[in-house]
Every structure is written in structure tokens, then in C-alpha cells.
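Going in written order, the chains are labelled A, B and C, and every chain counts its residues from 1.
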Amino acid sequence: MTVNLSSSTPVSDSMQPKTTYASLGNTMWSEIKNDKMALYSLILLTAILVTVYTGSFLLDLEKINRIDLYNIYAKPSTDNWLGTDYGGRDILGTLIIGAKNSITIGVVITLISGLIGLTVGLISGYFGGIIDNVIMRIIDFIIILPFLMIIIVLITVVPVFNVPVFITMLSIFLWTGKARLIRSKTLAESELDYVNASKTLGTPNWKIIVFEVLPNLSSIIIVNLTLTLAGNIGIETGLTYLGFGLPESVPSLGTLVSYASNPDVIQHNWWVWLPASLLILVIMLCINFIGQALKRAADARQRLS
Amino acid sequence: MSLLKVNDLKVHYPILGGFFHTVIDHVRAVDGVSFELRPGETYGLVGESGCGKTTIGRAIIGLNKATSGEINFNGTDLTQLSRGQRRQYTKDIQMIFQDPYSSLNARKRVLDIVAEPIRNFERLSSEEERKRVQFVIERVGLNPEIIYKYPHEFSGGQRQRIGIARALMLNPKLIIADEPVSALDVSVQAQVLNFMQDIQKEFNLTYLFISHDLGIIRHMCDRMGIMYRGRFVEEGTSEDIYNEPQHIYTKRLIAAIPELETANRKEKTHIRNQIAEEYRQTKHQFFDKDGRVFSLKKISDTHSVAMQ
Amino acid sequence: MLKFLLRRTLIMIPQLFILSVLIFLLAKSMPGDALTGQIGPQIDAERLIELREKAGLNDPWHEQYARWIGNVIQGDFGKSAIYQQKVTNLIGDRLGNTLLLSASILLVSYLIAIPLGIIAGRWTDSWVDKLIVWYNYLAFATPLFVFALIILFIFGFTLQWFPIGGSVDIQADKGTMDYVLSKTEHLVLPTMAGSLLATFGTIQYLRNEIIDTKIKDFVKTARSKGVPERKVYSQHIFRNSLLPIAAFLGYEITGLIGGSIFLESIFSYPGLGQLFLSSISSRDFSVVNILVLISGSAAIVGTMLSDLILSWVDPRIRVD
């Protein structure tokens, strides 16, 4: 599986294959290939992503947002493949824009909270002692908080509410789990002799953290980011569903689902909310199946391939 | 003139307990140890696991903090230096680790592993750097073309050589070798040990050699200290220790060396029983009522024993 | 053990304190105050300023906080500005409903998860196990609100098997059998939606635990001595796995609260979650504060209880 580089001639720097990184990628890929569900998920997810992003690029936003009162709650037809909503707007168009927003925002939240969690976890685990103690107490506390309620309160209270504010608020709460995970892994790595060796070689702590410990956590980080991405999309669409998520001007998949809180819509106009619900479900399932396969790749004991 | 002089070194770890997690006692990992290393010699630290020998090595290189005592290197007390000041001594003192698997970062190429120390202290072009690395890699008996490989492609012995190459990059004066061969197959151990002796001459190195294996210590060391529960029980040259052991603990350790000649085994068992008997009778001369070892007393120019 | 118990309980106090301060400060940053709701034609602006001064709303925040928390501790949760009645009364019935729903979700999810977890662990890699693992992936990945809506759509609206909202038929009288039946009937859909997804943790924990113990030496020994397979499992599983599962309950409280907000909103179930959403929408912040405080305190206390139970089951955890 690993590329064995037993060259007998000196090779120039530029030609160096990055063996272990390639092998991490390789194991992940072979794990996905060996898990049919993960493979189909990957294909399906790619198809969704391509459709959503090219679609939203090609779509005429103004046309989608144009209210057409003669055409409200129209059933799916050749004109509107997925029918129209209460304003006579095309559901398919909103679905594509909504999916784009939900996925993009999910990714951004995952990356920001991931970065915070990673930094805090690395520092806490590497240095230990009082810093670690204080950080862990704070994390314990944040994790207990009734997250959903507090987010909703914050969203109602904040004077200016827009997408960046929404992302920041969620990121402030969502880094803790990752920080805990990274901290425990860092703690284990820091006890290994290669870290001690770096210390005795005069390498500064920040360099040890970034260039020695971090690469050894890469597979765990990738797995965790994948799995939390799914969760974060769920949280965003869920909040939007309740009416405390993305502002109306930025439709999300949750916006379409929230039309279902009207009993009439849920019963008679399934095309308004059901496609978005199913799309959320499919996206989250796909990401999770891929994530589970990656998890097995990261943990040699569980590998299928 | 000694290269390294350790004076009454103590490394204590607090034991937390009680309701408020306060310090209730200390583990005395190293409890008042003094010895010195002369340039070019190999000094052995021997003892069972947990006796504090590794802690001494780690305190000298700065991985553990000394609770009290002095570590004089070329006349400077390392324990008094700040992290920053200490960094310049990093070049002079290096370490070889016990486990050749965990001591090399699996995600880095040999080139990056071995070049790490010079990247910290020197600015070299990648071409110069590669030449330096390849030079040292060749010295430790490996093919200079392997520098683009990853650690998992090597055997334990080869990995230990890579670790040694890394330690040699900064031209250190003192190398602390913490059980450098105990993780290796017996067939490879001798190779690595002999090779360590070769580079000692070539690079003019002083070794602090830490091991639990008396056979290896005898093969490698000029002088040695026998440790028990954080203290020295006996110190002397190889001849002193192996031919005229004075402390009962040393005697028992030596008696415990396995006998390879089957013909001599009966005799060996007899000696062991004899020493066990001697231990029962003379214990009080060597350990106080708490089981603590007494302080060292000189019995000849080179030989000291901890007894009453 | 006693020392651990005491220390763990002591940690709770600063946690509760910080939580209450946070909530109070959040409340202070909210638009309006306790008197805003009373603004009406009969009260003029001058009178309002006077009332504010009298109610102590111009005092430094820490004094106001002390007064508020003092009242809360004594059970005086203040008045709702919208409903014009005591918060305690508002919470009363709804608290019962929420507890009932949560208990029913937990119970059903354990009833599903424990047998499935044991089966999956005992017959690893069989087709049943694969099916269960599959279901578990689905349970983990499916967002609650989507699942709940689909359940409501299918069983509530399309098949019309169960009521689509409320907690009880308004015509049923308290104390009658009809009342109990109606309550149960109204519980079915939200419980179904909540519990089918809540099985994830338990199934995974049990399955892993059993697979791990399978290869442990004492189990091999027991087996080689001829202890029947069933006994090997029942003894060790009951001793080592079921109690921790019960103990995890305390950690679930935060999740249950979040879940109840979605479930109660989707199934129009009159509980605390729904009260929270409606109070937030009508900016009735004195109610909101109390609800957040209750939920947060429940989570803090629940976590502490879980910690204690787990440390009792497994003494290694105690060394914090």
C-alpha cells in the first residue's frame, strides 16, 4: 500500500513523493473503495455538490426571488419541477441556493470551530499543568450549557444579526468537543520520545507542536472534521427551521423545511418542504458514511481493506 | 578537569492528595546523587528499573527539572539557567533514546529528522544541509541515499543509527545514551554497541551510558555508578565493581547475571544462595532502618561504597 | 469515595453561579425590562421612571443580580410580562409534560437499544449485527427535526393514526381512563421520533463493550470452565455495562432539552420547549431566563450525578 522508494540513485528534491502522506490518503481511499456505502455516498455527494454549486452559479437569483401571486403553491410541473412556494417562487431554485448556503456555512463553521478546537487542544495537551487544568474546566462548563437555548437567546438579543454573526456564535460553542479530543491525543503524543527528542535538539515548543505533533494527528482531525461537518449542517438547518438561523434573505435548506410548520403545507404541499428535508438527510448520511470509512482508515484495527 | 559534575542532585515529584489536592509527600526519584564525567570516558549508570537512572539523564539534558543540586557542565551550573540560556548547551549535550520506534517521528523523512537540530541552530542552503546529513548518515553506517525514506522502512538497529546520527549533527561533547540497545534484538545489540565505541573515538565523545544490563555496562564503561532507589550504592571503575564489589546490592546484582555455561550453573546457584544469606546478615550495614541507602564513602582512589 | 463526592459537589457550586450570572447578564442586554410589558395608556412615562426606580432597575447590576438570584432560590421566579401571571404557574403543567415526554423517550429508546446492542455485540459480523450497525449509522446521522417532520407527515397527516398535536384531548377529563389513554396517544409520535434516534449511543456502547469483554481473559476462562455462554454474557454484561448506561443519562440532559425544543415545536406539544420558543418570540424574557436557568441547572446536576455513579462503578475515574 505504501510507496516503497528504494531508489538506488540519489533523487532530486522536487521529485520526492511524500510517502506517508500519500499512504494516509491511500488508506483512506482504499477504505472508501472497500465500503460500498461510502463509495456510493462519495459519488452521490460529489454529484450533489457539483449540481448545487454550478446550479447556483447559473441560476438567476432575481428570477427565483420574484414573487408570482398567480402561481402560489403550484404543484410540480414542467415549468417548476418542484412546484412553487407561498410566494409563487420556484422551489427547485430555492432548494439549490439553500443547499449551497447550508453547505457553505456548515463548512465555514466546521473550519472555524475546528481551528479554535485544534489550537486550544494542542496547547492544553502539550503544555499540561495549570493551563490545561483551567482550559479543561472551561470546556467542561461550556459542554454542559443548554447550547440550543443559549444560542437562540443570543440570536434574539444581538443587535445586528447576519450570516457572519451567526457563524461566529455557533463557532464559539462548537469548538469544545474537538478541543477535548485533540487534547487527549496530543497528551498521548507528547509522551512519545520523538517529542522529547525534538526538545533535546533545541526545537522551540511551537515548532514541535506544529511540525511534529500536528502531522501525527492529521487522520484524526480529518475524520473529526468530516463527522462534525454533518452535525453542523444539521444544527444550522435545525436553527433555521425554528426561525433562529439564517436571515430570510439568505435561504437555507432549513428555510424550506420551516414552511412545514404550517399544517396546511405539511399536509397538502409536500413539494415545498419534503425535498429539502430529504436533501438534508441525504447530505448528512453521505457525509457520515464517508466519515465512518475514514474513521476506519485512521484506526488500523477496524480496517476492512 | 571534569566535563560534567553532578553534585547532590535531587529530583522529587510531588504526590497530590487530600481534599484540596495539595502536596502530601514526594516521590524521591533521584535523592542526592553526585558523580563526575571526564572528557572522553564512558560512565555507566546501572540499576533496576525505577531506580532513577533515567531521571538523572533526563535532568541533565533538561527534560526533567532538578529539585535541587548542581549540574555543572564545563563549569556552568545548568540548573540555574533559564530555558533560553540553556538552549546554547543543547549543542553540547545530546541524547540517544531507548525506543527507536517512538523516538523517530513517523511522518518525517530521514533527511528532515536528522537535519532538525541544524535547522534550529544554523542557516544552511538545502544543498549544504543535505551534504551534512549524508555525511553523518554515512558515518553511522547507513547508505547516504536513504535520506528520502521514512522511518518505517528501517529495522530497529537502523533506526537507532538514525537516532544516533541526529544526535551527532551538532557535534556534541556529551551524549546521554538511555538504554540505547535494550529495545533491539540481541544480535543487533553488539553491532550498535561496537559502532558506538567507534564513533566515540571518531567524534571524541563522552558517554553517560544508562542501562540495567550489567554485561553491556561492563563492555562499554570505564567507570560506573550502581543505583538503588534514587541513590548511589557503589561507584568505581569496571575492575572495582566487577572484581571487588563491596555493597551487598552490587553483589546481588552481579550474582544475578545469568550464567551461560551449563557446567557452571550449579556453582552459580550456590554463590547466589551464599550472597542471599550474606544479605540477611549484613543488611543493616548497608541500609538504615527505613531501607534508605547510606552516603558514599571512599574506600580507594576510584572506589566508593555506601555503608555505615 | 466520600472525598470525591464532596469535591465533585463543590465544583457544581461555581458552575451554577457562573451560569446564573451569564443568564442574568444576557437578560440585562435584552431589550426592555420587567416593566416594559406594563406600558399602557394608563401609565405615563413619568410614572414609569418612578416605577423603575422603585423596582430597583437603576441599581448597579450586581445588586440587581443578588436580588434576582435571592428570589429565584426562594422559589420566586418573577412574573411573565406577556401572560401577566407568575412564571411558576406557567411552568407548572408544562414541566410535567416535558418530563413525561423525556421519560417516555428514554424508556423506549432503552427498550430498543439494549436488546439490539446485546444482539449486535454477541453475534458480531452476522447479518443481524450488520443490520443493527446500519440502523445505528442512520440514527446517528439523521437530524431530529427532519425525522420528526417525516414521522408527523406519515403517521399524523397521511395515515392519521395518531393525533398531530397537543398533549391530551381537550374533552377528556382528568382522572378518567380516557384521559390517560389520550395522553398516551399524544405521546406516541413525539416519542417515536425522539427515541428511534436516541438509541445510537447505547447501542454503540453496548456493542463495543461486549466485543471488548469477549476477548478478555476472564471470559475465556469462564468459557473454558464450561460456564454456559448465556451466563457468561448475562453476568458480565449486567455488571459491567448496564449501570454505566444508566449513568450516562445525566450527560444526556443537555441533548434531551435540545431535542424537546424541536419535538415540542413540531408536534405542538405544550411543554417547556414550546414555552421557551413562544416566550422568546414574544420577548417575554423573564420566562426565558428562568427556563434557561432551570435547563442549565438540570444539566449541571445531571452531569454531577452521572460522574458520581460512574466513579462508583469504575473507581479509576475518580482520580481526576
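By definition in this document, a residue touches a chain if its C-beta (ideal position, glycine included) is under 8 Å from a C-beta of that chain, and two chains touch if they have at least 3 such contacts.
Owing to the predicted nature of the structure, the values given are computational and were not obtained by experimental measurement.
Overall, the chain located most centrally, as judged by its C-alpha mean against the mean of all protein C-alpha atoms, is A. Put simply, the chain farthest from chain C by mean CA position is B.
For this pair, chain A with chain B, the centres built from the Cα atoms lie 49 Å apart.
One simple way to say how far apart two chains are is to compare their mean CA positions; for chain B and chain C this gives 57 Å. If you average the CA atoms of chain A and of chain C, the two centres end up 25 Å from each other. Within the complex, the chain A residues that touch chain C are 141, 143-150, 152-154, 156-157, 230, 234, 237-238, 241-244, 257, 260-261, 263, 266-267, 270, 273-274, 277, 280-281, 284-285, 287-289, 292. By the touch criterion given at the top, residues 2, 4-11, 13, 16, 19-21, 192-194, 196-204, 212, 215-216, 218 of chain A touch chain B in their complex.
Contacts from chain C toward chain A in the complex involve residues 15, 18-19, 26, 29-31, 137-138, 140-147, 149-150, 152-153, 157, 164, 254, 257-258, 261-262, 265-266, 276-277, 280-281, 283, 288, 291-292, 295-296, 299-300, 303. Every residue of chain B that touches chain A in the complex is listed here, in rising order: 61-63, 87, 90-91, 93-95, 97-99, 102-109, 116-117, 120-121, 126, 144-145, 148-150, 152-153, 163, 166, 170.
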